[in-house]
Amino acid sequence: MDLSCTPEEEDFRARLRRWLAEVLPGLPAKPAATDWPGRRAYDAAWQRRLYDAGYAEVRWDADPARRLILLEETERAGAPYVGANFVGLLHAGPTIAAEGTDRQRRRWLPPILRGDEIWCQGFSEPDAGSDLAALRTRAVRDGETYVISGAKIWTSHAEVADWCELLVRTDPDAPKHRGLTWLAMPMDAPGVTVRPLRTLAGSAEFAEVFLDEVRVPVANRVGAENDGWRVSMVTLSFERGTAFVGEVVACRRVLGELARAAHGNGRWGDAVLRRRLGRLSAEFTALWRLIQWNVSAFRDAGGPPGAGSPPGAGGPPCPFELGGGSVFKLRYSHARQELYDAAAEVLGAGALDAGHPWVADRLSSLSYTIAAGTSQIQQNIVAERILGLPKGR
Amino acid sequence: MDLSCTPEEEDFRARLRRWLAEVLPGLPAKPAATDWPGRRAYDAAWQRRLYDAGYAEVRWDADPARRLILLEETERAGAPYVGANFVGLLHAGPTIAAEGTDRQRRRWLPPILRGDEIWCQGFSEPDAGSDLAALRTRAVRDGETYVISGAKIWTSHAEVADWCELLVRTDPDAPKHRGLTWLAMPMDAPGVTVRPLRTLAGSAEFAEVFLDEVRVPVANRVGAENDGWRVSMVTLSFERGTAFVGEVVACRRVLGELARAAHGNGRWGDAVLRRRLGRLSAEFTALWRLIQWNVSAFRDAGGPPGAGSPPGAGGPPCPFELGGGSVFKLRYSHARQELYDAAAEVLGAGALDAGHPWVADRLSSLSYTIAAGTSQIQQNIVAERILGLPKGR
Amino acid sequence: MHFQLTDDQRALRNGIREMLAGWFGRDRLRAAVDDPVLDRALWRELGAAGLFALRLPEAAGGVGLGLPEAVLTLEETGRVLLPGPVVACQLLAGVVAGVADGDRIVGLCDGAAEPVLWEHPEDCDELILLDSPDSLEGSGGAQGRTREAYRVCRSPAGQVARTPWTSVDPLTPLAAVITTTAVTASATATVTDPSRGAPLVAGLDVPRLRREAALLTAAQQLGSAARTVEMAVAHARERTQFGAPIGSFQAVKHLCAQMLVRTEIARSAVYAAAVTGDSLDIAGAKLLADEAAVRNARDCLQVHGGMGFTWEADVHLHLKRAWLRAERWGAAREAEERLAAGLIAGEAGTG
Amino acid sequence: MHFQLTDDQRALRNGIREMLAGWFGRDRLRAAVDDPVLDRALWRELGAAGLFALRLPEAAGGVGLGLPEAVLTLEETGRVLLPGPVVACQLLAGVVAGVADGDRIVGLCDGAAEPVLWEHPEDCDELILLDSPDSLEGSGGAQGRTREAYRVCRSPAGQVARTPWTSVDPLTPLAAVITTTAVTASATATVTDPSRGAPLVAGLDVPRLRREAALLTAAQQLGSAARTVEMAVAHARERTQFGAPIGSFQAVKHLCAQMLVRTEIARSAVYAAAVTGDSLDIAGAKLLADEAAVRNARDCLQVHGGMGFTWEADVHLHLKRAWLRAERWGAAREAEERLAAGLIAGEAGTG
């Protein structure tokens, strides 16, 4: 067991830190949350700088240790978030890298790394949330084209995306996991309508996407027809590896801020609050260690199906597919909610101020036990896939 | 909504208090926990005094308000517990009263009230715990006799009981709830073997009862053959009415003791502990109010099938059968465990002393979320019977 | 002892429920979310129906009912998320002219809170602020110090200096009262033993007002908690995933069951506190009702999944209001300390 | 960074696991429950296998391994509920003659605790008591006061005055040390800055001993937590109710899943603290491992139902031992305060 970095890793970290210290002060001001084109431009420009400096590929590095360092250091330095590049870098890109043809990889991967093209995700549907495989958006083959109708929900950046990674039903008669297909849909195709979806936080971070006889070339299909479930699971397992690194770093920073704020406003004298913060400190430190543990296991298992793997290469099942990501997510989503409940205690009546950033984060934290697999579903996964308890009921 | 007592009730309470103040100082010392014959004699003698003073029948009074007062005042005065009379007074007696023939009621009820005969319960089996209806102890009819073989578990006072209320399978081919029969079995019948069962508290409060071709007259059957499930449910619903009154009174007393002990040993300065005790105070007060609420509802619904009802009288379903008792038990069992966890905090390292009464009670409190329907089963009952959520899964 | 609603109480509850269903249905609720200015016409209708005059003596033109009935009506307003200072108006109907009829709207603030938050400041005609002089003078400690002394400040709403506040609850606009000195203190008095005999300051029994504000707020929390159970159960019966209603899965069932348990425990505590009027009973009732409202709203959101996370669903309205109420008239930290002190004093009532 | 067991560490863990399975199987465990006198022959076998000399330098006849390996071995002893002062013997193998071989048994007590509890007093040949003079002199405050000064008391076991104690854990007899003045203090010294540079008192680095005792105790808790997950899962797969294994019901599944989550979080914390040796990392590891062991044992009992409530089941042995360990070398209240203080000091390590 080793928590220190290799000389190469230390070198990478030092170089990255220097670079961040150099470029971050010169960044323009962040655009407003409602300025979607501005946000796209800002996020894309940052991605381009990462690309030019040679850091973009690290997101897809077969060795997750460098990815971990990249995510840790950019968060710590206060660099821009992945933002509009999220789906391209974390979902669609790795899927195309692992399952696409050479031609598809050449077409779609470089623009993602350069920040030239933005992707969004069309998986969830109003009636297919926890039961994703029950999705009903239909794609009917018409020669070399699929004709697609249906509705998707919880799509981030839909307003400004160029592409949508879409999961559709191509065989309505097959068992529900077997009739799905993965497609890359251009967002400017006729028949695509985007409607913003307001969340309880008051913002419109997500959208609904309505599809009315949208025509997508068969050449945009990644993987075989009706093999989309397996193809999309590659994506999901990749996400669970290091997706939360930046957030855990941020949570630990917020925890320190809470302690200092409580110290400043007199609430530090409340032993119940103080000890709660102390416990959360142990919690987030352990979650950070669990990430390091999982990343190391991931590496031992041969890494995720990343950009470097040949198309279709399976490799051994990675620990995230086996539920390691579920263990992390179960505890992290809970700890994050506890963190912002503690923030509310620090604020007292100030927690009734929606303008306070901690209050906004408290509201958004409410989705953590729901999005990307509810805690109930995650517990099923842990119980069945790791502990081997019988399915059913 | 009225929490005050009627003049009659106040009068009953005052009379009872006077009587308790008079008789309790003269009681002999309590026998040792392992002295079963001594415990039986002690409990039976106390029951006889209650009987002679006219308080025994109150346990079966159609009006549960007087029962509530009786249980509250005896606990508060530190009177002996119901002890060995538990099953007779709370389970078997009410069942016989509601479902037995006149002859059966005349035979069995008076000795219970007088403390002359002690009953135990033979319902649970090693393989039929939560799924009680899956019990396998067989009774085969042989003329005017049932011949019974099987094993029962979690039987209190089996060593000293005269009778056992037994649930047996008389029709192995019927659906599991339909083939059961309720019998009164003499504990001195040939073929009955009692083996003490040691619990994690180190004591042997329970026993296993093995039955090897035990012969019980058909005349000892209460209710129809194969109607035993319904008959025994009458018993269970009665238990949930006021069974915990004394315990809640005791918990509130213990809570005050904890606060004073913490005040005395310096732990009161620990705000976490102090606030925990404050919260428990609200909790147990509310549980007490819930008992009063349930008892009042019980009375409005026409009372339990008690000694005063004609045999077989159904009446409207009482709130406990509808799950009101489950709501109480879910919260109470949890609160009781919290209480003794708080006691451990008050004691600090002293919680490692098995000789401390709070530690013994902490250990026994562990059974509360398991016995008489686990919290999981209780939650199913609440969800399905009160909230109307669909069965299955 | 008969700790159940009387027939009259049941009739009252049903009457209020029907009335509110008719006057403040879901369309009105969502309209209020978009524009939280109180509807004066509705307010007058509520006044005419006796909602504010409920506890005024019949001789004074009131309905002549008691605290238990007040609790039942406030519970119903909590169920439907009725916006506005209903608690204040019911408590002050006999003090401020026009409030009983719904013609005028009065706000009530806890001056011991930090900051002093004022609900619906733009809708109120008048503000009454309860304070103890030591916290008014800025020594900050609401806890313990000089509980014997009270000050009541009464002021036309327009004369109260305040700063705007971005309320977390879209149904409850807030402002922070800046300086109580800017409030015209129409009556100030110091009382040395207010606990017995109800000494009046500016015509108000301050400790009693605080107690009753806490209790009626708890009643609203109870109503919200009960409503979110119903919402969760309804969704769990309708929503199908994996080929079955999600309410058939134990995980969802058990969430719903615990929601009901919290509600019924809170109900026992709130109703009993309404009957006894005891200060510790009320502290416990507020504690349990706050917990039931907040945690039930959270669980209701979890049962609703993604759909519960939308602005269009009502779940968040319950959660945000529950958060707000939990901070008003005694938060958990304060209630728990008082209850703990009561254990030492041996005050925890029984019977 | 490679935060996974090395091949050597894996081999060590498997070796210890096999060894303990052979030497301390279930029969021996239940025999120890009935008679908790330590088995000297077994103790010598453990010594011969290097369990106590694990961290002694090879030059001193030890195995020359580090804290991570110590943690792995202690985790295994926690899994099988091995009785006896394994932590003390491993920490003091280089200090007290004969301990490394398992010939002699040494106890280690935290003199700052109240009361000072001594495990297996009748089995120990010697007792080492770590104390800070202020608590020795009865001023009571273990917290903060004079952390700069330490006293170590070393005494033959027979000369320690003690009162008997009815231990809640049948596998761990206890006694309360009455007066530390009755202990022959073979070395007493006051040190002003012990935090750096390991100043030795009676040959011992006291702060480090305390830290490592806490970490190794946490490792035992981790082993117990992991074992109770296995027990619960095995029972849930075998036990049938309502026509199906109970492990097919979500309620049981989710109990088991949360048990695993607690274990893996504790594992991350304990292993990382073993690598860093950092004082706050260790406090956090102890906190999370204590919680995992206690709550897992409780949930394991719940999954087992009535059968788990019997003396014959091993569940209670895990629970009682977990309770005991949770009170040793820093209970939750102390760890949480230290971690909170670390947040203000900005000491929470990263990387």
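Chains: A, B, C and D, in written order; residue numbering restarts at 1 for each.
The rule is short, and it goes like this: a residue touches a chain if its C-beta (ideal position, glycine included) is under 8 Å from a C-beta of that chain, and two chains touch if they have at least 3 such contacts.
Keep in mind that what you see is a predicted model, and the values were worked out from it rather than measured.
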{"item": "If a chain touches subunit B and subunit C alike, it appears here", "value": "A, D"}
{"item": "Remotest chain, subunit C as reference, centres from CA atoms", "value": "D"}
{"item": "Whole-Å gap between the CA centroids of subunit A and subunit B", "value": "53"}
{"item": "Interchain centroid distance [CA atoms averaged], subunit B/subunit D, Å", "value": "40"}
{"item": "Whole-Å gap separating subunit C and subunit D, where each centre is the average of the chain's CA atoms", "value": "50"}
{"item": "Subunit A: positions in contact with at least two other chains", "value": "270-272, 275, 376, 379, 392-393"}
{"item": "Touching two or more other chains - residues of subunit C", "value": "249-252, 254, 333"}
{"item": "Residue ranges of subunit D in contact with subunit A within the complex", "value": "1-6, 9, 68, 229, 233, 236-237, 244-245, 247-250, 252-254, 256-258, 260-261, 264-269, 271-272, 274-276, 280-281, 283-285, 287-288, 332-333, 335-344, 346, 348-351"}
{"item": "In the complex with subunit D, residue positions of subunit C that touch it", "value": "249-251, 254"}
{"item": "In the complex with subunit C, residue positions of subunit B that touch it", "value": "1-6, 9, 65, 68, 72, 249, 252, 255-256, 258-260, 263, 268, 271, 274-279, 281-283, 285-290, 292-293, 295-297, 299-300, 327, 330-331, 376, 378-380, 382-384, 386-393"}
{"item": "Partner subunit D, residues of subunit B touching it in the complex", "value": "124, 126-127, 129-131, 134, 153-154, 197-200, 202, 266, 270, 272, 344-345, 348-355, 359, 363, 366-367, 369-371, 374-376, 379, 393"}
{"item": "Touching residues (chain side subunit D, partner subunit B) in the complex", "value": "113-115, 117, 140, 165-170, 174, 240-242, 246, 249-252, 298, 301-302, 305-313, 315-316, 319, 323-324, 327, 331, 333"}
